[in-house]
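Same chain, two partners: subunit A is paired with subunit B first, then with subunit C.
The block that comes next holds the complex of A and B.
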């Protein structure tokens, strides 16, 4: 069972499942700290010889080492970890550029990581049926300010102030897979003097 | 037919207006006294001489001014025109459809001469005279979609068809009713319509998609959609919401007749021959309330439609701030008399 807490929403908002091994010649995993346990779960249930076809990219929480050790111990063909999602996604692009037909992509963790990896997979020509996602951890959102186009990472509040243009943005459920972001639209554009309470809602 | 192109603006001083002769040809969007979503699609046949349904791509007195406004938007925000890499062939399909249609329907305004691959296009209202090799994008100053999109009224989206869905993979969108091409480009049919309330539950989009997937070549379709806009502003994009949002607080019972505009989209759907994509023109017509009510049938009907509009739609269409005073203002034009069926004035 997926442990994601995402409520039913509009149709552009992604939904996530539970990672399970699909037939494939190569298996690429990308996870952050909240998704590491999903990778370990899949690996432990895998048939003999599976890990020889597995490539893992990992984004640890700063200062955390136990999960790096645990993931390394799975014995994948390749295992690399990077301090930021951006770095890991760039590396995923390198790997997928050399990937063969029949490759599978498995993503686990927060929505920011999943979304950017899905977009990279699409960019690299991976069919969407070859991509699985399991959401874990924070519900923090990656938000694009529709006005100045700034990407705002790890948004937990509603509304959120754009750090670039200073507008107070309503975080919508409308989601772009290409941008891997939710849409942020000025919440008090009609009357900028309107005071709006900022609440923590994406925990 | 000679059209007097108006010199007018859709921003700042808002000099846009409809001349008296242009008012009765407005595509009034309500065939009945009540409005609810429907997949109100009909064949895009030539209908009623002088109406906006007479020609494939209607050209009216606002043509030149609208193209100037588009150029201003694109200069300010190039992201309003985007095409994913596989959409170039569809762009050329669009070039062909517009040039062939306009040269046929408005021979005094547009001329097209085809000599093999060599095309000669003359657009008199915009003073364009170009020769190019059809299909060779290097011969144009920009993507073929942008080239022709700067010469045809209305926003244009091009939808790629694959996996049993339609994908919003290209568009030139400068006069939109509050949706962002930059955000939505690459989305499928259900994704880009996701924020629309009620319609998903009614199955409107499932039916519409099914219809569009089997749209044949040479048999275009059309439908009307509507909203209200304060001031005759074409660019009501989410990008510029902080610029036009405050307009909504300026409506008073005294200025409502000139401020509030009925904004109608004549949406048409065209299967394109080479790319198998669908061209989706969204042609916007604006008419001030004062102009609408010069047609008694429209005044009566608009009052009834607005009065009985579902609260979700009042909210979604952004009418909340001025909806009550609009209904009150419109009531003076409704004497309770029955209205004739259909959209055309009596």
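The block that comes next holds the complex of A and C.
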């Protein structure tokens, strides 16, 4: 099992737990390919009747079908899959717009997916205590360039070059829950000619 | 220091008999000044000078938070109580001068809520009257479910239905009883906050039902009635002051401490806010913990007491005051 490998850091750096069923009237799951196994684990241990209250959104890796089949077989009340995180999150917004108090949200997978789903939940009025997250898979970060505000997806290197304004950014642990992104700040502002080695650190 | 150290001199501007058990009292500043601003759910402490006894009871403000010229409270007569409500009903008349504290709010609306769901039982209606005025002025969606024993005792039911229309649903025990809580709490949009004020059983039922349905604790708000129970007289030693004080059957320990001139913190005077928490130095006997503040371990340890509502029975009680 690939447990999460996130090291302790500053307070704003999110930490994650392990999904466990909480009391609720409706249970919403959002996962990507690396988090699918968490959904399956929870569903298999669930009491009778639980799946009738379950709604699953899934973002597969392109070309992969086995997990779609496995998730579908869980027999949730609703199951939909989308090619991108953005599409799945938009759908989550539609679902939560009609949701009632007593809803629980379970997120499993990479940080990009978790962060955006958390922000959507909050936007829809879901209390943070009704949201559980389990991190799986890549540690790649979603980073916002604080200078030109561009969002950079799947960042694995430190520092990273902003594709929009070309500044070399230090990826901080400082995380914005609202933006669901880590903050990227120019690393060589005093002397732009300074050479900084780019290393792959968020694997 | 506490809010009731800075009392505001007021004159009783109006006394209205709402029904056989409830009276409404209105207060204006003695010089006609504006009274302090407050938000819906706030209460004031009313000082009652009844011969040689000084009582201080907390009552929710029911007047509109947008109306600073006067405050209004409603008092339900409780003949088994400590005599505060009886004093208000029998002795207080229009034109009388009294002192009240500035308002304190321990039961405010959470303004992030998408909707406010209010559940009132009996005289627990009063904070909601102020909250509804606030919510409707702010354009925030709200819904009141108001249960009373009989239609005759259901204070303000008609006028609230006139004022707030479909936002208000009323229930009477003599006409089928209160709301179906499971049904009500299962059908609220995401982002709703629930507020309950009424008898203990009602508060417990709402909190339990909501929690079992998966409502987050931060979305559940409740206010217990703020009224110290009566009991047997007892005496207490205040260790720092080096004095013994006597607590009468209808007096609270807090009132007795105040009467001795010993400084003590307080705010709600109803066992809810935690301000009056006091360390027990010696306890040879039993503390009747009537508060909603201490946890079970703290109670069992006999090292803490909330003087605003709790009492003592036994040989000796010594407090760190």
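Simple rule for what comes next: the second predicted complex is superposed on the first by the 201 of 203 C-alpha atoms of A that agree within 3 Å, B and C clash if a C-alpha of one lies under 4 Å from a C-alpha of the other, contacts with A are read in each partner's own complex, and residues count from 1 in each chain.
Heads up, the rule we're going with is that a contact is a pair of C-beta atoms (placed from the backbone, for glycine too) under 8 Å apart; a residue touches a chain by one contact, two chains touch by 3 or more.
These figures come from a predicted structure and were not determined experimentally.
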In the superposed model built on subunit A, check whether subunit B and subunit C fit or clash.
fit
Mind working out whether A:158 is in touch with subunit B, subunit C, both or neither, as first, second, both or neither?
neither
State whether subunit B or subunit C is in contact with more residues of subunit A in the superposed arrangement.
B
Should A:191 be classified as contacting the first partner (subunit B), the second (subunit C), both, or neither?
first
Classify the contacts of A:176 with the two partner chains as first (subunit B alone), second (subunit C alone), both, or neither.
first
By the touch definition at the top of the document, which applies to A:147: first (subunit B), second (subunit C), both, or neither?
first
For A:124 in the superposed arrangement: first (subunit B), second (subunit C), both or neither?
second
Three-chain overlay, vertex subunit A: subunit B-subunit C angle, C-alpha, nearest 10 degrees
60
By how many Å are the closest C-alpha atoms of subunit B and subunit C apart after the superposition?
7
In their shared complex, at which residues does subunit B touch subunit A?
79, 180, 182-187, 190-195, 200, 238-242, 245-246, 248-249, 321
Provide the residue numbers of subunit C that touch subunit A in the complex, in ascending order.
114, 185-192, 210-219
Given the complex with subunit C, which residues does subunit A contribute to the contact?
22-25, 96, 99-104, 124-127, 129-130
Which stretch or stretches of subunit A touch subunit B in the complex?
10-13, 144, 146-147, 149, 167, 172-179, 183, 185-186, 189-192
